[in-house]
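Chain IDs A, B, C, D and E follow the sequence of writing; residue 1 opens each chain.
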Amino acid sequence: MAEETFEPKIVGFLCNWCSYRAADLAGTARIKYPPNVRIIRVMCSGRVDPAFVLKALSLGADGVMIAGCHPGECHYIEQNYKAMRRYHMLKHTLRALGLEEDRIRLVWASAAEGQQLAEHIEEFVDDVRKLGPLHWPSNFQENGERWHAVEALAQEHAESLEVL
Amino acid sequence: MVGHTLELRGSPFLQEIIREVPGGERIVHCLQCGTCGGSCPNGADMEYTPRTILAMITANQRDKVLKANTMWFCVSCYSCVSRCPQKIPITDIMYGLKRISIREKAYQETDAPALAKTFTDLLDKYGRSFELGLASRYYLFNRPLAMLKMGPMGLSMFTRGRMSLTPTRIRNVDQLQAIIRKARELGGVS
Amino acid sequence: MAERVGVYICHCGSNIAGMVDVEQVAKWAGENLEGVVVSRDYKFMCSSLGQAMIEEDIKKHNLTHVVVGACSPHLHEKTFRKACQNAGLNPYLCQMTNLREHVSWVSRDREKATEKARALVAAAVERVKRQEPLQPLSVDVNPATLVIGGGIAGLQATLELADAGYPVYVVERRPSIGGHMAQFDKTFPTLDCSACILTPKMSEAGQHPNVTLYTYSEVDEVSGSVGHFRVRIRRKARMVTEDKCTGCGICVEKCPRKVVDEDFEAGFGYRKAIYTPFPQAVPRIPVIDVHSCIWFERQKCRACEKLCPTGAIDFEQKDEIIELEVGNIIVATGWNMFDCRRIPQYGYGRLANVFTALEFERMCNAAGPTNGKILLRDGKTEPQTVAIVHCVGSRDSNHNEYCSGICCMAALKFGHLVLEKTKAEVYSFYIDMRTNQKGYEEFYHRLLEEGMHFVRGKVAEVTDAARRPDEAGKLIVQVEDTLLGKQRRIPVDMVILMGALEPQTDAKELGLKLGISCSMAGWYTERHPKLDPVATMTDGIFVAGTCQGPKDIPASVAQGAAAAARVMGMITKRKVWIEPVVATIDESRCSGCRICNNICPYNAIEYDEAKGVSRVITAMCKGCGTCVAACPAGVISGAHFSNEQVFAEIEGILWDALQEEKKAEPQAVTG
Amino acid sequence: MIAQNKGKLAVYWAASCGGCEIAILAIDEKILDVSKHFDIVFWPCATDGKVRDVEKMADGSIDVCLFNGGIRTSEQEYMARLLRRKSKVLVAFGSCASEGCIPGLANLSNRKEIFHTVYHETPSTENPKGVEPQHVTDVPEGKLYLPVFYDTLFTLDQVVDVDYYLPGCPPEAERIWDAITAILENKLPPKGAVIGANTTVCDECPRKRTEKKIRKFYRTWEIIPDEETCLLEQGLVCAGVATRAGCGAKCPKVNSPCIGCYGVNDGVVDFGARLMSALASVIDSDAPEEIDRIIREGIPDPAGTFYRFSLAHSLLRRKKKVPDEE
Amino acid sequence: MKYAYYPGCSLECNSAAYDHSVRAVADLLGIELREIDDWNCCGATEYFTQDELAACAVIARNLALVDPQLDQVVAPCAACYLNLRKVDHLMQENPELESKVNQCLAAGKLHYDPGRVRVRHLLDLIYSDFGEATLRDKVVQPLTGLRVACYYGCQIVRPFHGTDNPEQPTKLDEVFSWLGAEVVDFPVKAHCCGGHMTQISEPQAFEMIRRLLANAEEYKADVIVTMCPMCQLNLDAYQARVNGFFHTDYKIPIIFFTQLLGVAFGLDWKKLGFGKEIVPAEPVLRRKLTAVAAA
């Protein structure tokens, strides 16, 4: 069988006013980019709770992108700065949890920057592809040994009970 | 692939400069305002002002640019760079043009390449610059007549202990030369 | 669960169907997604037939929620919400997912596009099941309007509204209305006398029964939202009682302290410590500048007080706070001139005969410091050569990247004035000559004809370091004449720097009070650069004039009038509806940690000291959700974008990853 | 209030320090009330009881089981499953059982690394032969089994269905008594709830709070905080903003920042995300480099700071495992 | 305070006066300068003309040789200062170049992490780290009555901003006005002296030198103080030839700023390297300074 290239699954949180519209514009302009980023619309990048990112990763996403209006151009004046602060904080924590930095990314795209957003997406997908699959849930799956050991214990106890 | 405009567009010579000079891609931002040409202390004597050179690069006039005297008149004062409204690293572009011109021996009517060559040869050999050696070798081979005029000045420098007869050599010349050899081997910054 | 979801996948002709297997997506959703009771695809969902189909299904199948997979919600969300509403379903129980702009139009591979579409539909279904009915909020519109800034843009807006019969409050920080236009002598390209066309408007505003002027005042605080803003205005202490003052001017005449007028005269002329900035000022009530008044300096003098015939001088006056209620706000705060000292190579501040454009405006003005004569700094000598330098701080990424737009024309105007008033030669040093409005290019041609010299090149430096004898004692303009490709040094007597138009230094600060944003450069951001250049992202707040970006007088006037028209539209509607996408704090669980207090740029979160809890003022909340994400206790919820909804959306969007992980998980042998 | 028939109570100690066992006794003389109402059928720490006795009980015959500790080994998992089956009400007692607590921080390592540290590296270890515990050991008499040590510590609810949670490291005596009262009076909240307050530590903290802006985070040894003002406002990473009330703000009251042992509020899924988000939101800078610097300098150990008690119960649960070379 | 010290080739011989006075002033101010062991030439502008990578590597060798205990290096010569800063900057900005330079250094068993060493000029050190009060405190011989033209040249103020204003720098002016000197307006203070132009085309070079001398004379400067060996050399050693070329009669002494600092601090003139300049400075200085003392 031919070796399949790994296609990462990426969740993108895009703000309603700039980056979501940039994605709309990329569509209207028929700019092609990889299909790996699945977009969730939020009103503002400031709405993106670190828990959203963690949730996506914990469910098996290979990467998460957050996109907002350019600094200084936030529809909500300055909330994208809060997104930026949280992004840095989250990255700092994720590093400590052994997660590759390139799996989350914050980008800015104004409503006019369909092309730029598409480029960001392409770059990000490439970078995540290079990192390979994340499969976070497999991280805390013990191997089969766990079940056997518990079973064995039950078995042993049952047998010893019979003896008594 | 999403279009990467810069790498694909622009004249071949522009592409070459972009490869040769860190920051060379800023050329595409040139407004042709002439701040560089106006600021240059030698601007009045240049065949083409730096602004014109940038336009010529964009227009792919490679031969004309490499033969120009512009870059040889550049004294690395960085006035143009500091004032450029588009943050174009003009001085570094001039260095790049000098290098290409030297590599291809395209320069005309200037002794600057010889000076640079003599200077770097001495550096490679001793690890320090050696003014008397530089002056004597450079003038002897390139401008024997001018040497006569330099006499009195050289003498006054010498009597004030400002010119040494022997070069200083650094201790670890081998190490320096190994580094330089490696650089030559790697060739170029990009 | 009792959710009954209908899923509708649009072909959009071949726009979606050409790249996404829409039939398959619809079928898959119907068979695999929990809660989906109907799932259909249709050629054009947004057509009346498509809408009718949805409406019918809602009734027939008792749908509780609807998902439409079609184009961008920015295009048709309203359409489908309306359809739901028609069928008796709350419009907020409908969710759109974008299969066109975000999938079919950007993809190359049909299979992968279909896979992506499935994920988006799954996400929408998971999400929509958690959506709740919401009711839009209605607000009455107060017919009064606040105009911030009494320059030409603000005045135009004020008079349009006042003439239409609505009350207007004008707040102006300077002692008089009039703005920059009052400083000018002539206006381009018609060379109308600036004062002649401006002063009638100023006095009309001053006397209009519907207009209340608050000069020498600033906006302290803005709260509330469209329809009912509450505004606190600080009336700075004038030290002159307005209703007693007749504007006779004796106080100004007798005041012994003369100081440089940095504001109206741009540092080029003088005023008294008690002053009206210019003779036609409205109101004509002077102010005492406490920083230069002798009384405030060393408790002596009070000459004005002694001589005032009506006893209007009041040295005890304090700042006064006024509270207003208005329905709409027009921001017309104008611009500031670039500080030419920031480009030391042009010599302003060091070389006496280098002038700024504003100084030169005052010099040309017949009522100005030189009575309209063009003279060197010594006040006597007429220049023989004048250089006008364009783009000082504009089109320069070291300062401002944008083009200030008006300087080319102003430079031509200056050139004309110099040629008209003196025998001097005039040089203009430009990068590109920008004369793109009605009558402007013609004006350029006129100056060519009048003999103004044009050198294409950005000036490198202005220096007094002479190199040749003919340069001695002159200012030398060093430039590359780019059309000749030669460096030139042109000796002149006077240099005029066309400084950039910059946003007011406190534009960001006021923007924060108002809840409107600024561009990177600091200009207020309009709602849409093409189709809505007057409104802002904050309902009920409009912009006019140069505070939104550099522009000339006609454009400022047009925008002022347009803003007024928009406000009138709001007033005549009487009521406005507000999106119910807002945050709410569960007060019973809020511990008052106050993390959220600082986060809202609209000041929509208030802290109740007595109860020790924070609270969202619903009418002011714009629904960004940043506080929801910030609340460490998880007690702020965001309507329509709740954590549960987004989490569900994430689960849906990763449905395939979840299945893969489940497959990979080793299972317990027994329970 | 008093039940006619005495109920049956079990207490179990899995992967935890034992502090929870002592905390039960910290209700002082009220323990007598407990014994008045309950027969203690299984409490290995305090009474003599055998697993086989439990195994012999009918399913659902224990009324309440207070289970403290996380699940680290197959034996603990077995006990969790066993007690779940035998109990009507299973309470995750204390931080370890609820969210992993300090033992859960071992999820920043794996079994191999933990064994390496414990059996080879620690200064007090004397292990010249380099022996490590093995699941199976062959002896002349046959095979000997030890419980399997897991790579990841699980919380109780990641292994079995949990009815109620009693947070805290350890739970406060008053809260334990509240819970017991609730059980006795049959006033239990809906299944799955945390028995206790539903506000945060700030609610019980007497310090003065204003709007927050942080330019620098301090570590506790770097400053002596003012005793009146909110610790967070002074730059100390006080987890009280995100931590469930119930302790009476014990730490802040002695000038020490809350470290979050009471876990999250209702409806919150990830303690660390809440604290991270809140702290990041009030950093007073808009410059990426500066923000990064403030965070790196002030919070050198983010996993330990944000997930000190809750790593095992967080969304990510553990550090990314490096693929085992075995 | 300890700093690594990179004197550069000029300071070894042709501008020994700069080296001597730098060391003397540093000593007095308690600045400990530790010369980089076995440093090599920075390549001036010439090496960049030949081969950019080799130029960077040659310069980076010096940065790599900075004592790991020290994190700042002082380079008095403008060209050296710029080159050290430029390479550090280029390496920070350009990872590819960084890796290549380090490959070269590795051939000499060296390594340099860009950003590790902060390159500083002595003027910045004196101005920012000491400041007015300290300097005024040290004055033994006030410079009252001496008209000083402060000449900054190019490469200390450009292209890297931050040291001082790139067009009209003021730090040197301020320092000398603290010391009592009458600092004259010198609009060309950051214009170019011609650099190596003297070796390439004398008419151009001489014209550039003339502009500077003419401007100093126009503002009646007694002395020009410089911060760069090349500037000093061009203005001083070529002054006679410039006079010959243009039929002028400039006699303006050109000295290093540290020499004049030393005078104000009462240091021994010989130790400051006076006497090595071609246009003698001592007579003018002594005359001016004593005239004021007498008055």
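Observations
By our rule, a contact is a pair of C-beta atoms (placed from the backbone, for glycine too) under 8 Å apart; a residue touches a chain by one contact, two chains touch by 3 or more.
Given the structure is predicted, the values throughout are model-derived calculations rather than measurements.
The chains that touch subunit C as well as subunit D are A. A comparison of the C-E and A-D interfaces places the larger number of contacting C-beta pairs at A-D. Using mean Cα coordinates as chain centres, the one most removed from subunit D is B. Centre-to-centre, using mean CA coordinates, subunit B is 48 Å away from subunit C. Centroid to centroid, with C-alpha atoms defining each point, subunit B and subunit D lie 68 Å apart. Between subunit A and subunit E, the centres computed from C-alpha atoms are 54 Å apart.
Annotation for subunit A: residues 31-33, 49-51, 55, 71, 78, 82, 86, 118, 142, 146, 150 touch two or more other chains.
Multi-chain contact residues, meaning those touching two or more other chains, occur in subunit B at positions 79, 83. Under the contact definition stated at the top, the residues of subunit D that touch 2 or more other chains are 269, 274, 277, 281. Of all residues in subunit C, only 343-345, 347, 350, 461, 463-467 touch subunit E in the complex they form.
Residue ranges of subunit C in contact with subunit B, taken from their complex: 345, 391, 395-398, 431, 456-461, 478-482, 485-487.
Residues 49-51, 54-55, 57-58, 71, 78, 81-82, 84-86, 88-90, 92-93, 95-99, 136, 139-140, 142, 145-146, 149-150, 152-154, 156-157, 160-161, 164 of subunit A are the ones touching subunit D in the complex. Listed in rising order, the residues of subunit C touching subunit A in the complex are 72-74, 98, 100-103, 105-109, 112-113, 115-116, 119-120, 123, 511-512, 515-520, 525, 537, 581, 599, 601-602, 622-626, 628-630, 638, 641, 643, 646-647, 649-651, 653-654, 656-658, 660-661, 664-670.
Listing the residues of subunit B that touch subunit C in their complex gives 31-40, 43-44, 46, 48-49, 51-52, 79, 83, 85-87.
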